[in-house]
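The structure's right below; bear with me while I get my questions together.
Chain lettering (A, B, C and D) follows the sequence in which the chains are written, and residue indices restart at 1 in each chain.
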Amino acid sequence: MKTLSELVKSRVPQMQAWRRDLHHYAESGWLEFRTATRVAEALHRLGYQLQLGREVIAAEARMGLPSAELLAQQEARAREQGALPQWLPYFSGGFCGVVATLETGRPGPVMGFRVDMDALDQHESQDADHLPAREGFASCNPGMMHACGHDGHTTIGLALADVLMAMKAQLSGTIKLIFQPAEEGVRGARAMVAAGVLDDVDLFTAIHLGTGVPAGEIVCGSDSFLATTKLDVTFTGTGAHAGGNPEAGRNALLAAAQATLGLHSLPQHSGGVARVNVGVLQAGTGRNVVPDCALMKVETRGVSNRVNDDIYQQALRVIEGAAAMYGVTHAVQLMGGARSCTPSPAWVAFIHQQADALGLFQSVVDTRRQAAGSEDATYMMERVQQRGGQASYVIFGCDLAAGHHNAKFDFDEAIMATAVQTLATLALNQAQFGGAQ
Amino acid sequence: MKTLSELVKSRVPQMQAWRRDLHHYAESGWLEFRTATRVAEALHRLGYQLQLGREVIAAEARMGLPSAELLAQQEARAREQGALPQWLPYFSGGFCGVVATLETGRPGPVMGFRVDMDALDQHESQDADHLPAREGFASCNPGMMHACGHDGHTTIGLALADVLMAMKAQLSGTIKLIFQPAEEGVRGARAMVAAGVLDDVDLFTAIHLGTGVPAGEIVCGSDSFLATTKLDVTFTGTGAHAGGNPEAGRNALLAAAQATLGLHSLPQHSGGVARVNVGVLQAGTGRNVVPDCALMKVETRGVSNRVNDDIYQQALRVIEGAAAMYGVTHAVQLMGGARSCTPSPAWVAFIHQQADALGLFQSVVDTRRQAAGSEDATYMMERVQQRGGQASYVIFGCDLAAGHHNAKFDFDEAIMATAVQTLATLALNQAQFGGAQ
Amino acid sequence: MKTLSELVKSRVPQMQAWRRDLHHYAESGWLEFRTATRVAEALHRLGYQLQLGREVIAAEARMGLPSAELLAQQEARAREQGALPQWLPYFSGGFCGVVATLETGRPGPVMGFRVDMDALDQHESQDADHLPAREGFASCNPGMMHACGHDGHTTIGLALADVLMAMKAQLSGTIKLIFQPAEEGVRGARAMVAAGVLDDVDLFTAIHLGTGVPAGEIVCGSDSFLATTKLDVTFTGTGAHAGGNPEAGRNALLAAAQATLGLHSLPQHSGGVARVNVGVLQAGTGRNVVPDCALMKVETRGVSNRVNDDIYQQALRVIEGAAAMYGVTHAVQLMGGARSCTPSPAWVAFIHQQADALGLFQSVVDTRRQAAGSEDATYMMERVQQRGGQASYVIFGCDLAAGHHNAKFDFDEAIMATAVQTLATLALNQAQFGGAQ
Amino acid sequence: MKTLSELVKSRVPQMQAWRRDLHHYAESGWLEFRTATRVAEALHRLGYQLQLGREVIAAEARMGLPSAELLAQQEARAREQGALPQWLPYFSGGFCGVVATLETGRPGPVMGFRVDMDALDQHESQDADHLPAREGFASCNPGMMHACGHDGHTTIGLALADVLMAMKAQLSGTIKLIFQPAEEGVRGARAMVAAGVLDDVDLFTAIHLGTGVPAGEIVCGSDSFLATTKLDVTFTGTGAHAGGNPEAGRNALLAAAQATLGLHSLPQHSGGVARVNVGVLQAGTGRNVVPDCALMKVETRGVSNRVNDDIYQQALRVIEGAAAMYGVTHAVQLMGGARSCTPSPAWVAFIHQQADALGLFQSVVDTRRQAAGSEDATYMMERVQQRGGQASYVIFGCDLAAGHHNAKFDFDEAIMATAVQTLATLALNQAQFGGAQ
C-alpha cells in the first residue's frame, strides 16, 4: 500500500492538469458554472455523496449577485466552454456551490475543509513572461482571471478528495469537502452557512496559498482578517434644470457628498482598527441638470465583529440622515461581508504539531502580522465555533510570480501537493486530537 | 387756531426732549420697560385710550425673547432708571407694547401708524465727536444703543399723538398709534398681529428714518424688504473622551458642520433672491472631548414669502437630516421673522400726492433700490391687506452722522417734525383717499 | 421681377429638402463634417466668397472638443455619408465653420447673420407618431439628433443666402453669413470670435426658432440668457488598500466631495441670479481602494458677466483649496462658455419696426421672460458691440411637436420661410436704419 | 539611625500639611506662582542647589501660555495668597519651574525624578461629602482645582527631597528633582527639555498616582500614552451683510466647517491608534453677518510619534486647503504636545525588582492596558533615551473618591508615603542597577 506521500506524489500530474484547466476557464464569483460542473463530476466519480446548488446555497443569503441577465449570459458561455450538462441545472441562476461527503462508517467527528472556486474581475496578462500565457492556459474569458490562486485551492480540494477516498480505510468519522463560490468580495460563504452546510462540522479548516507568506512556511491559525461589511448605497432624487429652476431638484449628489464626509468621520474606536471607505461614487447625468441619482460603493471594517458592527450601524445612520437632508430616497444593498477571525487555539496547536511532524516546512507558525484584509470563511469558522466545534485558517506560503490581484499573478504549483499532504494528514491523524472537544 | 405746520413747530423742543431721554435710556428688544411706561404716561395724559402689554402682545407669538432672568434683571434696572410704577406691571415679563386709540366719533376708517421702540445690542461711542456723547444723552445702558433711530420713531409717534389730539376736531374715523417692541431681529410685530392689534385697521403706515435715503427725499412705498426667518438651532449629543473612547460620543459639532454646508447649498431659486446664513456657530466644551452641544444662529431670506418659505422648509430638512447623521437630537427655535413687502399701490399713490402737496420734500418717490434687509412691520402690512385694507411703508430721508448700527450713529433731529407733519397730513386729508376702498 | 415674398415662397421645397437632409444626417458639435461640406457647396454654387475651417475657427479657443480619436472616426463616418471630398479637408480635426460673404459693391455696413449647425448627443425617437421617423428623415446617426432646431437654422441661413444673392442688386454694403459649429454646450462661438470673424460686422443678428415662444410671435431682442462657464475638474490622488494602509492614499473622492459642497455654497450674490451646479461626479475604482481619481462636470452661471465671473473665480479657489486639503492634484478644463445678453436697443427697435411692417406676425415683442438658459452667440454680440456695432438676438415662435431636447422634438417647417423673409427684409431695408450708428 | 521606612513614616504629618496647603491654593498651568515659591523655599532650606524660572524653562518652547494680562493678574493673586517675595521674581511671566540638585560627591549617575505642580481649570466641589471641603482645604481659587493629584505629586517630590537629603551619606552620583509646571494640556515639559534640564540625566523616573490603577498595585513602566499635538486654529475672513451683499464676505465659518469634516476624515492609519478631534468651534458674530472669524480647538493623537506626526501633517494641509477654499487667512498655534511612551526595559525591570523587594505592593506589574490619554513627561523620557539614558513612567495605584477631573476628586493620602519610600529606594539601591548602561 502506498504511503500518503507516495499517493500524493502520484497525483501531481493530475493536479497540474486540473489547475490549468480551471485557470484557463476562469469564472468570476457566482458565475463558476463550468468549474462547478467539473468539480461535481470529479467528486462523483471518486464516489462522494454530493449536495449541490440550492441545497448548499441559501438564495436569500447570497450577496453581491450579478444581474439575472449576466447570470444567464455567463451560463450560456459556460455551456459553450464545456460545462457538463448533467450538472449544470443545479447551479443555474447563481448557485455554484458543491459539498462532497465521505462517511467512513466509523465513529468520529465531522471534518470540514473549505476551498473557494471563483476568479477575479480582471484581465490576465498575455505577455510571454507570464507562464500561464506562455504555456497556453491563461484565461480565455476576458475580464476574468484566477489572480488569487483559487484555481489552486479548488485543485487542492479535488486532490484531497482523491487521496482521502484512496485511504478511506484509515479514516474515521466524516469528511466534508466544501467548494465555495464568490469568495472575492466576501459574498458567498454566508449563503452556505445559511443553508446549514456547517451545522454538523466539528473540525473545520479553511486554506489559502501565498498571501505574502514565504515559501516553506505554514501559518496554522491566521487571525489577521478584519470583519467587514460591503454595501452599495443609492440615492434617488429629482432632476431639474440647474439654471432654470434649481429649487425643483432634489440633489442626490449633494446627499452623497455629505454622506461621504460623514462616513469618513466614523472610524475612531477604542476597540481597535476601524475602517470606512467610500471607494466609488458615481452621480448625475449632465452638467446642467440637478443630479437625480448617486451610487456609492462603501465598505466598513473592524478588528472585531463588534467594531465593524458599530461602524456599520453608524454608517447606516449617516446615509439615512444625508438622504433626509436633501429630501432624496436611499437604498442600501448588502454586497458582501465577513467576520473577524479567531482560530480555535487547540485546533491550531494540533495543526502546528502535525505540520512540525510532517517535515515539509522550514517554518511552522501560529500566526503572522499581515496587512488588513478580509475573508468570508470566517462566517463558516464562526458557525462551527458557535456550535462548539474547532476551526482554523491555514496559509501555505509559496513563491509567487507577482502579487495577488496582479495581471501576472502565478504561483509555484508544487505547493498544491504540500497542501494536500498536510490536510490529509490532519484527517488521518484526527483521532490524536484531544483538543477542546 | 394754529395751522398744522405751526403746531408741529411748537412741539419741536418737546420732541428733542423726548428723543434725547429715550436715547439716553436705550433699551434693547423686549426690554423697553422704562420706554413703554413713559410712552404710556404721555399718551394717557394726552387723552388716548390705551391697550397695554398682554392685551397687544400675544405671549406665544413672541420670538427671540430674552431669558426670564434677564427680563427680571432689566425690569429692575428700568425701575431704578425711572420706569413709572403705575404702568410697569403691564409690561412685566416682556410685554412692552402700547397701542393708543383716538375715536373721533365721526365715521371713517381706522388709520394705523406703527413706530418701534427698541435699541440695538451694542455699545454707544463716548467720543467727543459723537453728538449724543458730547451733549450728554448717549446711552447710559452698556450694550444697548439707539443706533437705528427708533428713539426718533417713538418720538414721532408721541408727537403725532399730541398734534392729532390737538386737531381732533378736524379728524374723522379712528386713529390707532402702535408702539412696537423688539423690531431689531424682527421679533415683535408678529406678536402684535397675533394679539389682533391690526384686525380693525383700514389704512396702515409704518415708518423709518434714514436707511440711506438722502435728506429731502421721502419714499412713499418702500418695497425692498426681504421675507426672512431667524432660527436658533441646537444640536445635543453625547460627550466622550476623544482619545479614550471616541465611539461613545455623539458629535454635535460634526452635525452642525454638515448642517452648515447643507444650509449654504440651498439658496438657488428661480423665484428670485434667496439667502441662507449661518451667522454664528458655537460648539463643544473642550479640546479633548467629543462635542456634545452646538448652537447655530441661522437666517433664511427670500424676495417673496414663497421663496423664503421654500428655503426655510428645506433648511428644516437639512437640520433634521444632519442631526440624524450623527445620532444627536436637535431643536429649532424661531427667533424672528418678517414678510416680503408689497405696499398697496393706491395708498402709496395717495401718500405720494400728499407729500408732493406738502412742499417739504425735494424728492418724492414711490420706491428705491435698497440693499436687501428685512422689517417686521411687513407682518402688520400683510394682515391689513389680508383684510382688504391698504398699507405702506414710508421712509423719511435724512442726514446721518454715521450709518445705522454704527457706534456713532446719529440723525438730524429736524426730520422728526417733518415726519409728524407728513403723517398728520395723511390723517387730516384721509377723507380724500378714494383708493382701492 | 419677383417680390421677396414670391421669391421666398418659391424656395420652400428646397428648404424642406435641405432641412430634412441635415436632420437625417445629424452631427453633434465639432463633428459637423458632412453638414459643413454641404453648406460650403451650396454657398459656393450661389456665388459667395467662402472662408472655411481654420480661417474662421481659432484652434486654441475651441472648448469642449471631442478626442482626436472621435474626431477621426466621425470624419470617416461623414465621408461614408456623403461629405463632399473637395471641402472636407478644410474641416478636418474639428474646424467645421463656414463664413460666406457677399460684397455688393455699394457702400454700406457689414451685416452679419449667425446660424448654428450642430445636433445634440441624444437618440431620436423612431416611433410612428414622430414625423421625422414616419417620413423617413429621422437621424441615422445613433446618439446624435437635431432636437433643438439647428437643422432649421442652417436651412434658414442657406435660403437667406439664396434669396439675398437673387436680390443682390437691391442690397448695399456687405452680407456676412456665419455658420457656427458646436453651439450646444456653448463651445463654438468663442473660437469664431477669436478668429476675427466678427471684427468687421456692424449689424449683427443671431436667431433661434421655438424656445417656447408661441407661433405667430417674434422676439426682436431676447435678453434672458445667462452668462455661463462650463468646466471639467479632475482630481488625481494616490490609490491604496483602504483596509491595509489607508494613510498611503491621497483621496481624490474626498477632495471632490468637499469641493462639491464648497461650490454649492457660492451662489449668493447681490448682483442677481447666480448659479453653480456640479452636475456629474465620477470617482474611484473599487470599493476597497482609496479613490485616486475624480471627475466633476461643473457649470457656473450669472445674470451678468460680472456675476458669472465672480462665481467662477471663487469656484476656482474652492477647487484648488479642496485639492490642497487632501494633497491631490487638480486640473480644470474649460468646456464651454457664454456671455450675458444685452441686445442693442436701436437695432432691436429697427427689427421691431420692420417685423411690424411685414405683417407676418400676430405679436411683435422686444423681449420675453424666459427660463434661464445660455447661448454662445452672446460672444459674437459682445464683440460687435465692443467695436461700436449693433447686435440682437431674434426668436421666431413656432409650434413644436415636443420641447427642445426631447426625443420627439420637431418644429413646423413653415417658420423657416417666415424667418428668411424677415431677415432678408432687414438686409434690404438696412439703409433705413439710422440707429446708433 | 533611622531606617528609610521610619524616616518616611516620620514625615507623614509634614506631607499632609504640604499637600493640603497646595490643594487649598490650587494654581492652574503656568500660574503656579505661590506653589513654586513654596517649593523653592522648602528645597532651599533642605540644602538643595536650585535652578529656577528661565534657567529651567525655555521661553519660546512654552505652549498654551495664558495671556500676559492673566499672568500678571494671577501673579498678584499669588502674592496676596502668600507667594514668597524672595522667590517670586524668578517665576514672573510664566516660568514656574524648579529644579533641585543634590551632588553626593561620590561617583555615579544622575538620577532624575519629575513631578508636576499644576491644577486643572475647574471648580472644586464644596459639598460636605467631599473631604477637602469638609476639612477646609478645598481650593480657594475659583476655576482652579487639584483634581488630578498633582498636589500629591509635588508633595511626594518635596518629601523625597527631604528623605534623600537625610540619607545623603548613603547615596552616590547626583539627584535631580524636577518640579514641572503646566502638565495639564501637555504644555510645560517641552520647555524644560528645551532648557536642557534633562541633558545630564541618566536614570529618569516620572510618576503619577491613581489613574484607575487599583490600590496596592504599582505599574513600573506604563506605556499606554498616546503621542499628541494640540493646536488652536483661527480663520480670519471678511464680514458682510448676509442679505445685502453676501459676495463681499469671506466666510470663515464655512472654512471651519469644511476643515472640521476634513480633519475628521484623517485618522485611518495602519500604524495603529490615530485620533483627531475638533473639540471646540466658535465662529461668527451675528446671525445676519457673513462670519469673519472662526476658532477651532483641535488635537491629534497617535499610538506612536510617527502616526501622530502623519496625522498632524495632514491636518495642517486640511486646514490650509480649507482656508484657501474660502479665501480666508488662517493661523495655527501650538497649544500643547506629548510623545508616545516607551519605557526603557532594563530600568522598568529594575523598578519591578525593587518594588517586589519592598513588600509594600500586592501587585507589581510592568504595564497595564489603560484608556488612551497623553502625558508630556514623555518629552523628558525621549530626551533621556536619545542621550542613552534609561527612563520610565511609574504609576502608584490608590483609592480615589471620584475619578480624575471630577469636582469631587480626592485620593488616599497614604499613597504619598509609599511613593516616597519606593522612589527613595531606587536612589539608594541605584548602584545595583547594571541595566543597559
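Keep this in mind: a residue touches a chain if its C-beta (ideal position, glycine included) is under 8 Å from a C-beta of that chain, and two chains touch if they have at least 3 such contacts.
This one's a predicted model, so the numbers in the text were calculated from it and none came from an experiment.
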| item | value |
| --- | --- |
| Listed chain pair A-C, C-D or A-D that repeats interface A-B [over half of contact pairs the same by residue number] | C-D |
| Chain pair, B-D or B-C, that carries the greater number of C-beta contacts | B-D |
| Longest centre-to-centre distance from subunit C, chain (CA-based) | D |
| Centre distance in Å when subunit C and subunit D are each reduced to the mean of their C-alpha atoms | 70 |
| Centre-of-Cα separation between subunit C and subunit B, whole angstrom | 51 |
| Residue numbers of subunit D (touch at least two other chains) | 242, 244-246, 254, 258, 261, 264-265, 268, 270, 274-275, 371-372 |
| Sites on subunit D touched by subunit C in the complex | 242, 244-248, 251, 254, 258-259, 261-262, 265, 268-271, 274, 310, 314, 317-318, 320-327 |
| Contact set on subunit D toward subunit B in their complex | 185, 226, 228, 230, 241-246, 253-254, 256-258, 260-261, 264, 275, 277-291, 294, 297-299, 301, 335, 371-374 |
| Residues of subunit C touching subunit B in the complex | 261, 264-265, 267-268, 270, 274-276, 371-372 |
